[in-house]
Amino acid sequence: MTTLSALLHPDAFLSPLAIDAATLRALDEDLGRAGDITSIATIPEDAKARAIMVARHAGVIAGLPLAFATLHRLAGDIEIAAHCRDGAQVEEGTHLLTIAGPARAILAAERTALNFVGRLSGIATLTADYVRRTAGTDLRICCTRKTTPGLRALEKYAVRCGGGFNHRFGLDDAILIKDNHIAVAGGIRPVLERARAHAGHLVTIEIEVDTLAQLREVLDTGLADVVLLDNMDIPTLSEAVTIAQGRVVLEASGGVTLESIAKIAATGVDYVSSGALTHSAPNFDIALDIEV
Amino acid sequence: MTTLSALLHPDAFLSPLAIDAATLRALDEDLGRAGDITSIATIPEDAKARAIMVARHAGVIAGLPLAFATLHRLAGDIEIAAHCRDGAQVEEGTHLLTIAGPARAILAAERTALNFVGRLSGIATLTADYVRRTAGTDLRICCTRKTTPGLRALEKYAVRCGGGFNHRFGLDDAILIKDNHIAVAGGIRPVLERARAHAGHLVTIEIEVDTLAQLREVLDTGLADVVLLDNMDIPTLSEAVTIAQGRVVLEASGGVTLESIAKIAATGVDYVSSGALTHSAPNFDIALDIEV
Amino acid sequence: MTTLSALLHPDAFLSPLAIDAATLRALDEDLGRAGDITSIATIPEDAKARAIMVARHAGVIAGLPLAFATLHRLAGDIEIAAHCRDGAQVEEGTHLLTIAGPARAILAAERTALNFVGRLSGIATLTADYVRRTAGTDLRICCTRKTTPGLRALEKYAVRCGGGFNHRFGLDDAILIKDNHIAVAGGIRPVLERARAHAGHLVTIEIEVDTLAQLREVLDTGLADVVLLDNMDIPTLSEAVTIAQGRVVLEASGGVTLESIAKIAATGVDYVSSGALTHSAPNFDIALDIEV
Amino acid sequence: MTTLSALLHPDAFLSPLAIDAATLRALDEDLGRAGDITSIATIPEDAKARAIMVARHAGVIAGLPLAFATLHRLAGDIEIAAHCRDGAQVEEGTHLLTIAGPARAILAAERTALNFVGRLSGIATLTADYVRRTAGTDLRICCTRKTTPGLRALEKYAVRCGGGFNHRFGLDDAILIKDNHIAVAGGIRPVLERARAHAGHLVTIEIEVDTLAQLREVLDTGLADVVLLDNMDIPTLSEAVTIAQGRVVLEASGGVTLESIAKIAATGVDYVSSGALTHSAPNFDIALDIEV
Amino acid sequence: MTTLSALLHPDAFLSPLAIDAATLRALDEDLGRAGDITSIATIPEDAKARAIMVARHAGVIAGLPLAFATLHRLAGDIEIAAHCRDGAQVEEGTHLLTIAGPARAILAAERTALNFVGRLSGIATLTADYVRRTAGTDLRICCTRKTTPGLRALEKYAVRCGGGFNHRFGLDDAILIKDNHIAVAGGIRPVLERARAHAGHLVTIEIEVDTLAQLREVLDTGLADVVLLDNMDIPTLSEAVTIAQGRVVLEASGGVTLESIAKIAATGVDYVSSGALTHSAPNFDIALDIEV
Amino acid sequence: MTTLSALLHPDAFLSPLAIDAATLRALDEDLGRAGDITSIATIPEDAKARAIMVARHAGVIAGLPLAFATLHRLAGDIEIAAHCRDGAQVEEGTHLLTIAGPARAILAAERTALNFVGRLSGIATLTADYVRRTAGTDLRICCTRKTTPGLRALEKYAVRCGGGFNHRFGLDDAILIKDNHIAVAGGIRPVLERARAHAGHLVTIEIEVDTLAQLREVLDTGLADVVLLDNMDIPTLSEAVTIAQGRVVLEASGGVTLESIAKIAATGVDYVSSGALTHSAPNFDIALDIEV
């Protein structure tokens, strides 16, 4: 028998508390007040079923622990055997899980379980597409805070499953100074000085710049850890790398597509961030083939 | 001053309780334990800001009440003036809201507010694209239960904002009999008889069929309200309409794309359902132009 | 050993999530902050008890899974053997459950467990009384939304256990048009047209009428699925059945008592709804005979 | 304009937190995911309504603050004028509240508001019936822990509104020693000694006895504050009063009916407790006459 | 293997529901959204660890069930062997628990588990210090409502583990009349009469007095169960005992220190209450020696 | 009239969501099911009170927004005027807030409000004591994760109010490598390499060392941002500063007392962390002088 933790990606964290909360909420909205009235009406109480969760196309899987928890919430006596775990690269037709137990419970959990795996595998797969195109370089792909409201921890986990990295999980993770902050504080040096004065020693400071002149100004202060190069074209990014000489970590954002990513990697920036990884990943098509 | 209810679509329901719960959860995950440490460090406590929420491309807007509630949760003294409401067709550059209040609160709420409007407007816009291509026909477009876990009520609302209709909100809304149920019950007639015997008078009964032979069998029983024609090609759908002669409502699913939708409409089926409306709608790009 | 699901009525749904939430809330209000101070003070920690849950009079049982969950929340090592399950018709003195485990936990759970079974069995028993008096007819008895606030799913389940059917679980289950809606919309035809235009294909439309003239008007439109005949006397109900000729489902409400129910059944209406099933069912007297 | 606190009984407590939690839960179960689809479909968004909450028979009212909070949760701009407050003795036709505001919100809140007032007024009215029959005596009527799971605080409040008193709110309120505790501890004196040794100075100790011999044994110890005389007939109760000579508070339980209550009062016992006040009170019939 | 209940103090109550809620909240705030990123990065997924929880100084232990529950929430396959239970008097170096299981889970739970045991053992130890100094007398030490917000049930439990007693758990436990209440009601007799008239038979009435004259006035009424002697010096307390002659329970508060407690005990008052037990107990130093 | 946000420290964050949750929980545990039965019994419903919150000794205040929110939860019509805000240095007798409103509500909120301000001001005051003793140096004082379970965000905020800084809010804030991690990974270089490989660009890496040899080893890798010097004496700390030459941030922990802090500051380390700030701060004595 597989356990929930054996389905988690070995190097990415997803809290058991988050799994509990997410599956409770999702089942609650699907069961409503009267539950799966179709199965109650048509399937005998003691009918057993066997189901196989199958990938309908190639990609990277994420979300199996949520499927596991969803199924177990509806019946204590469900048995799940795993054929892969989160982070696995699969082909069309790959079996993910084999499930055996009460037919009504499996049918009631089906859609919720698939919704989790479909959404998170979609994100993992898109992330892996980006990562694959930068193979052999040091570029790291990371997501942003443009996540589905209420699902951030899950979606950030899916990005890790796809081989990506995470930017801030929230506003409190790091300081990220943008144009408004610079304007109010009266310039790049004063804003960085205020940030340093306020921040403790475990808080990283990143600042967004639009021009190479701004980049130079940041470098002169020696007060930033990371510089976000916003919407710069490829030649400008290359020049930024030359200017920075490794004194700060460089992150590029804007105009990141599957087409442009290899070129961005070639400039030598350290990180690329893209909101599309989480907010516009297409669903991964997963099926549950059930035999009652 | 605009009120929250003036931002809601006039003919679609979104519970104030759901708005409360969703914005609480979303802000909680973004603020974390230490909050917007960037703005605390760099923006004076008494600084005021003015912000305009702008559509970056054309489409249909949904989610403004959630943006409203998000902003108000972070500061009591924020003033919001609406230039449109949910369901509005907008162009690139259309102003949606004008916001005035404490700079720190507006900056802290920005991403969460945009995440709501971006996701829901994406769904509304994709739905409206489908609806537009069937203009002049009686076909109704509806979504499925393939929604983001935990956000179903919001996403179903966004489909309404785009001019679509809702299929089941959950397993308890209606009986939807699929192949497994038919197999276990021993055929179409017995499964429909069991469903009718179990269901109360307010429960609609829908049954999924793969062939016209099955459709005829369903019609013979006179026990179904709706028939789901699964993955049929256009000629078969047309024949199904001819066979049914209006005795049941016909819903087509499978192979529904922006390209095929007009042809499906021409067959005369009553409804088309598509999971893509909710699970694969691209994000709508919304900006918050802030002037501190 | 009995499992929770073996105590549920085989054909009625009660969500494991609802059971969790209800027992948590109920135990929380009974244990308070300091718990069962009587048993802590007077019963040794390692004392074991054996208890039998007994029906003190004849009737139909509902709520045993809630008793089961209540007991298990207070001690992991409680053993429960079931002698019947929800929906069982019992006599005075029938043993329902035999419970063995830590004395303190059983004593602490006693009242909460009994409160669940007493209330729900009261509803099931009253429902069964109605059902019994209509034996041999096609009349179905259903409850309304007049339920105890916060307990609707449990009480609707109890009605099923008693052999009844459920009307709407909430405002979102079906459209039920009453006099105010008719008045605002400008009459029966316009209100039904608006309802049809708004509602998706899985939403049933019911309309309440006070007179046979109104019934005829509804039938003329062909737009309603169900007609609620409000407060009509027996002869009028009979005439309504004659008029409707099976074109709509007919539901009678108002003046429904154990005395009148057989006469209503004889009129040929399809459904009778009564708020009293849930809001005024007397408690079923259940005892827990404990031997420490 | 009336405020919520002006609707509360002046001398009984109902926490604003409890009101929040109860109305949230009740509305949530009635609105479901799709809300009041009837009113959305048939009532224009800007329609206003005026409604009067009316008592359909005589009795004592409780629950108006819950109706108030329910209405306000659905619309900020509802105005409520109170004609009475909780604890009021009303006649058939008495106006309780006048409500003005958005028609959709009032219609959506109607059933939930009435369910609260109907249930709690039912309890208050039954309690007042008991109290009235003991007028001129010192007997106090109190409820038990036989309350609806999850609604205890509300139901205990309703008992106060009807002029009754409250027994324990939970297991932690006071020590109540029953036969099992006595048996395990090895008799009346040892159980009371253990209770005294364990309990702090603010914990009252009550012990249940079945016979006058037991009563004498309790009195001899001088360790109990209250004695519960369980299921004794009228002459025995009288004798118990004679024996006790005011050394303990005497509470009678068992066989308490509207018929027997005056006789019990005449025996001179101090308190009578009855589970029926909360678990079997019939619903109070309240109407909301709405004019859109 | 040890169970949770075997770690609880045998004569003090801590609800399993409270343990669940407290450990969920505490882990949630420590794991945040991204979890224990250090262990994920540096400890292999399948590494096992063995840990011993050790007392770093002498004292009384409380909170082991919370450590147990914290560890089990993070991994199902953790094994815990207990060497003592709550209420145990330990020496420097005493082993409390031996823990074996997944290294990552043990490291992630470490701080939360220690925070519980450290805080509660601090309270138990301080309480036991007071209790020890009054050995051989009848004085009972009790805590107040000056507890950490949100942790009252846990802290009151810790006081019991240390041999102390509990004063009110909340405002609803007993009536405690202070100067403001006396002033508003117009004096000691009227306020006690109002309290008696309002309170049921299970509610204890305590009144706070500043002077012996007030004490006499209270005694004259015969209406109070307990008198709180506020801030009286030792001779005055002795005189109060003489005056009261056992007619009421006497509680002293104010100026209670480890130095003064024996003298207070010698006066013959029944109870001493001190907020310092809960609000100013120093942390107990507990270590978790881990061997991965 | 003062608003909640005007009471917050101008440069420290406390989420309105956290304030809501904490005050709800705290009031819930104090009001219980029956509420402030003393005030209900003895204070007329319409009595008004005026109260002044006063510091009973000198120190730094924190927690006023929680007092504000507590009071407002119990009555809408309370008026609060602030005489200072969080972070204020006050003297014995300084007035903090003046409160006017319904007497019952103010009395019911009193203890909860004081518990918040007492605990948080205790932490702020102790922190400020440390900060004061390092005046004129660059040393920064920070707290740890040794906080009261469930109150971390509040206690970390109080440390900021006292002039301190925050270490990690949770396990997910930064990587902090300790001896176990080093041992498992096979040494300082491998553990740092694994941490760098895993961590994104916004994650700070800190490593704990016990010896100067270890410090040198860390410096050689160039992979750590911060080094925690654990339990080193003053001369060793000085030598560490000499060795590090500003290449990493240095944090000292262990043996930090009000006596030793100035000497630690003199060594030139950048940060000192101490669990005592949060886990052993004595309560700050605050009074609420009420005049009804």
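Note that the chains take the letters A, B, C, D, E and F in the order they are written out, and that residue 1 is the start of every chain.
Quick note on the criterion: a contact is a pair of C-beta atoms (placed from the backbone, for glycine too) under 8 Å apart; a residue touches a chain by one contact, two chains touch by 3 or more.
It should be emphasised that the depicted structure is a prediction, and the values quoted were computed from it without experimental measurement.
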### Summary
Via touching chains, chain C connects to chain E in a minimum step count of 1
### Task
Could you name all chains that are in contact with chain B and with chain E at the same time?
A, C, D, F
### Task
Return the chain whose centre of C-alpha atoms lies at maximal distance from the corresponding centre of chain A.
D
### Query
Where does the C-E interface recur among C-D, A-C or B-E, taking recurrence as more than half of the contact pairs being identical by residue number?
A-C
### Query
Roughly how many whole angstrom separate the Cα centroids of chain B and chain F?
44
### Query
Using CA atom averages as chain centres, what separation in Å is found between chain C and chain F?
51
#### Entry: Centroid spacing, where centroids are CA-atom means, of chain D and chain E in whole angstrom
32
### Task
Take the average of all CA coordinates in chain E, do the same for chain F, and state the distance between these two points in whole angstrom.
23
#### Entry: Overlap residues in chain E, where contacts from two or more other chains coincide
11, 13, 29, 31-37, 40-41, 152-153, 166, 169-170, 172-174, 198, 203
### Query
What pattern do the touching chains form: line, ring, star, complete or other?
complete
### Query
Quick one: in the complex, what on chain B touches chain E?
29, 32-33
### Residue numbers on chain A that touch chain E, as the complex places them
3, 5, 10-18, 152-153, 156, 166, 169-170
### Query
For chain E, which residues are in contact with chain F within the complex?
22-23, 25-26, 29-44, 47, 49, 66, 103, 107-108, 111-112, 114-116, 118-119, 122, 145-153, 169-178, 180-181, 183-185, 191, 194-195, 197-199, 203, 275-276, 279-280, 282-283, 290, 292
### Task
Note which residues of chain E are touching chain A in the complex, please.
24, 27-28, 31-37, 40-41, 45, 73-77, 102
#### Entry: Interface residues, chain B side, partner chain C - complex
11, 13, 140, 142, 165-169, 172-174, 198, 200-204, 206, 225-226, 249, 251, 270-271
